[in-house]
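In the two complexes that follow, subunit A is the common piece, with subunit B as its partner first and subunit C second.
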Partner chain A sequence: MSTHDTIRATTAGLLAAAVAFTSPSLAGGQQKLLNVSYDPTREFYAEFNKAFAEQWKQKTGDAVTVQQSHGGSGKQARSVIDGLEADVVTLALAYDIDAIAAKSGLLPAEWQQRLPNNSSPYTSTIVFLVRKGNPKGTRDWDDLIKPGVEVITPNPKTSGGARWNYLAAWAYVLKRELGDLSKVGNPAFEQETAAAQRRAQEFVAALFQRVPVLDSGARGSTTTFAQRGIGDVFLSWENEAFLAINELGKDKFEIVVPSISILAEPPVALVDKFADKHGTRAAATAYLEFLYSPVGQRLAAKHYFRPSRPEFADAADVKRFVKVELVTIGQVFGGWKEAQRTHFDDGGVFDQIYKPK
Partner chain B sequence: MQNEECRMQNAKSGEWQVMRIALKQHSVLPGFGVSLGYTMTYLSLVVLVPLAALFARSASAGWGRFWAAICDPRVVASYRLTFGAALLAALINAVFGLIIAWSLVRYRFPGRRILDALVDLPFALPTAVSGIALTAIYAQGGWLGRWLEPLGIKVAFTPLGVLVALTFIGLPFVVRTVQPALEDLEKEMEEAAASLGAGRWQTLRRVILPALFPALLTGFSLALARAIGEYGSVIFIAGNMPMKSEITSLLIITKLEQYDYAGAAAIAVVMLLASFGLLFGVNALQWWVNRRQRVGA
Partner chain C sequence: MTEPAWVRWLLIGVSVAFLGLFLIVPLVAVFSEALRGGVGAYFTSLIDPAALSAIRLTLLVTAIAVPANLAFGLAAAWLIARFDFVGRSVLLTLIDLPFAVSPVISGLIYVLLFGLQGWLGPWLSAHNVQIIFAVPGIVLATVFVTFPYVARELIPLMQEQGSEDEQAALSLGASGWQIFRRVTLPNVKWALLYGVILCNARAMGEFGAVSVVSGHIRGETNTMPLHVEILYNEYNFVAAFAVASLLALLALATLGAKSLVERFSGAGQRGGGAA
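On to the complex of A and B.
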């Protein structure tokens, strides 16, 4: 073989490899759904998708494969806005799906009313993950700002989970100061509420002063806390906390449930325009409804999401969830749009914490 | 004095010649028109169109918001970190990359080929992997972090960590650009210098370094450009504390998370212009050095 032939053969080989690796596999005759989701649902949807495919085959005789995409909730929403053709989205906050509706018109603005429980088939909350034996004696939110305690949380600017952390801490102070959260938004208690809001801002600022690393997403923070051994308390999604314990060692961490936390409602929605384009509306709708079915609820509880219908889940799974007072974002913060604007947008309350004095 | 004038004239006539060639476009090689057209189309599609879109996007915000986005104290702090760390990392790489290239080219020792292959690793490794690996090593309790901590040196989650990551990813650029130049540098030149009575230091400074300088400068600017744009590896080791260890790319991502496309594009435009300015400066320096060398010779 001459050099010339070798060059030609190599080039042809490289080209063939490039084409083979980049072209999509061509499977025919079956429906495909794309579920664009956020980070901590990976394990849950892996199992749920199989169960759905079986059920759909039994019911209709058609094969369906569900493809998953995971990532930070905001980033995923942006991908859909920019043209990632998701049939359904299952994200961390309603704000992100609102953004899809508002910026791309791919689904109607009132999407959240289309499914039960604000379109959240399962809920979660924010808990504390501490090191075994709880050496710093962390019991509640106040303990987080004790001297010598380091707190791990992702950056609320980039992580949906971190926004829940921040708001949960805020809600705790309001409750502590006011005693009754129904005073928020009631004109009769306006002054009292304003004072409490100031205390909440001070508390959250003090809390974030104790954060040595701001990872961009929840999984990154889990690694920082669990594998790098940094920090004393990790503010975490409840399901992430359970996962960290199961994956990384029961003998290393324990979960502390504070006196009050926030009801995190990760919503799901059909992306109408893309589903219609793919002709998958029926399957996609059935997929979302299946989340509310006994099978879906059982699997959600198995993967540490709080089921909206606990009666369908295994009693043993449900027992793992500690009862805790949960406030909703509508109740205290006037909904996501308002919370985002006041707290997390540029120049908002969160940015004030890091303003140089 | 006469000498000086003579030199200037030489330089001028040299310039003229270059310009004449460029204008007449006569070349023994055929296909100039086709290849120029192809180059322009390709560059436009791959480079110019996306950049133009970026500028258009940032303009959509209006001047006031554009200005507010790029002058925010937090953003300014991130410019300082990004460009400062990138420059420093490129300088470190220029020095140590040169030494590595020198050892690899000039000496024969067992394991040389393996070392040579190792240099490319930071190229091939996904940046996120390098970031995670570096963080694991330098974090408190990590292999190196454990020993540095008692000395009061914190690397991971500080600006120093950013510097370490940028040095890591930039190394191959310097080594790989200097290596061929070193190989071309004939040993006879050094021997000639020595036989003409030059000491080792003089040979290095007067013979070797000037010959290597253009390649070194190219390597430096490549390492610099890469470091300015780096995201993946830095994000894990930086700690991302506002005002302290946030790089500019992270702020762009942050803006995107808030669906503030115009603000993100505005910061990107600043980075683009600054990078362009830096690279332009490096190229101008290179051109100046080349000319001085040619004229001097």
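On to the complex of A and C.
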């Protein structure tokens, strides 16, 4: 390579860099939204974004493109805190959006009151995905700690879905020990509840002893279980379980619904400061509201999220969701802030019970 | 003196088996997985807008990182090999830093520096400059992890060659620029080329550091390696392997270009010597 070429190549590179620096602001005439989301929503938002763009075009005449970023919920929240300029966030649990509000002030602390159903347009739950024929005979949570059973779940420190897994298992033991979850938090049953909490901790500790691989996000765990063939039971988001069966073969896996599980409410929120910076507040707000519309609800159910307004969804889609007793995080754990502090913060219960092999 | 035939054949057999197992089989697997859905599906997944954007971004980042490191590497190697100065060993250590730290840490350094909660983040945000979770951050992270390749190739060679040639040129009245063009550069040409090729390969394939600063915005801040991961996670195996095969092709093309340049400049050198 001659020196002239080198100089030319360097100049070209620097020019390209200059263009790259300035081009995002030249996009004008067309609005762009960035939706920072968690792992299992990829397929749903791919379809929903198209529907929203069409509806927005009809209503306002403006073109809008929605860009997506997916990853573990906690990691995604961290990126927004560090400056990933999301107009909206659609994450796995309220705590991650609380963290954005608390650590960066990009949206108000009371964000969750701004949209219906605690800002969760759709809900989900945790089910078991097992190999076809259910060779280990897994029926309920107790079967997970039987000898010789390997369990797959992502890491509760980084994955929203894994935190729901953990809390669902915990809630199951409380229900088994107490018979009635309304005893939790009732001073009259304080001793009984404390004993049940100890049993729950033992159970969850035993459960995590059986996890050979802790991936950082739900989709990574799906791959570990379904593609790499590791483990007997995969604690999975309901929609991930359906998706794995559809994408990777009905003859390979089946879903087992336990006797009790948790009502997972993946919330959505406008990131005020970034939306205002981009001048996209109107479109971003309409985008989130569209999630609650008949179209949004129908698409959510189609992609295996439980719609908050089932009457808008196709009856056939709704029929796929098995009826199961679902406990809420407020009911058993005193809300996300409390649950996060007790269980998942550094030095919390999870750190105490989980010892990597 | 030669080894007995069976020893030679055994050694050759082991090497070929090893190469086959660790290089050829994965390469073949990538292409066969990519073509599993037929040639049509292969090209459809390559002209998908998100894939095209990933390819563009990777080429852009490489086009910036490689020339930048060519200049930095050459300057640093020249400084270290030709001069003795205070802080020389510190500079040498700093050049090795990107080799020593995990790429993930390299990425995190930029998040700490340019992130909204970082040192420069608030100022940058107020002035509407986006570094991380945008192209500049990806370029910075790539330049950082590929920084040592050129310098590290050049330093031992230039130290070994010493500065006699340059001093001779100087005593014959050559200017600094002439010395650089006529003496220094031709002497280190092959090492430089080798460094550039390594640098190029790493720049195109870097995953860890880029993953931390990318923000994973589909169609905007995903490089090819990141896009491969995303496609794989979306159960889109044909597309994932198609993009992966393109990365492999780029690597093969780099190697091809290397041997081609070697041949041509080798011939040029001989011709020049005769004239």
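Convention: the second predicted complex is superposed on the first by the 325 of 357 C-alpha atoms of A that agree within 3 Å, B and C clash if a C-alpha of one lies under 4 Å from a C-alpha of the other, contacts with A are read in each partner's own complex, and residues count from 1 in each chain.
Please note the rule applied: contacts are C-beta pairs under 8 Å (C-beta built on N, C-alpha and C of every residue); 3 or more make two chains touch, one makes a residue touch a chain.
Remember, predicted model here, so these are calculated numbers, not experimental data.
When the two complexes are overlaid on their common chain A, residue A:G220 makes contact with subunit B and with subunit C alike. Within the superposed three-chain model, A:R228 lies in touch with subunit B and out of touch with subunit C [touch as defined at top].
Within the superposed three-chain model, A:K103 lies in touch with subunit B and with subunit C [touch as defined at top]. In the superposed model, A:P294 lies in contact with neither subunit B nor subunit C. With both structures placed on the common chain, the touch criterion links A:G179 to neither subunit B nor subunit C. Residue contacts after overlaying the shared chain place A:Q67 against subunit C, while subunit B stays out of touching range. Looking at the superposition, the partner that touches the larger set of subunit A residues, subunit B or subunit C, turns out to be C.
Of the residues of subunit A, those at positions 81, 103, 220, 223 touch subunit B in one of the two structures and subunit C in the other.
Contacts from subunit A toward subunit C in the complex involve residues 1, 3, 6, 9-10, 12-14, 16-17, 20-21, 24-25, 34, 39, 42-43, 67-71, 79, 81-85, 103-104, 219-220, 223, 243, 247-248.
Within the complex formed with subunit B, the subunit A residues making contact are 72, 74-75, 78, 81, 99, 103, 155, 157-158, 212-216, 220, 223, 227-230, 340, 344-346, 351, 354-356. On the subunit B side of its complex with subunit A, the touching residues are 72-74, 132, 135-136, 139-142, 156-157, 235-236, 239-243, 250, 253-260, 263.
The touching residues of subunit C, when paired with subunit A in their complex, are 60, 63-64, 66-68, 70-71, 111, 114-118, 121, 125, 128-130, 132-136, 139, 180-181, 185, 192-193, 196, 215-220, 230, 232-235, 261.
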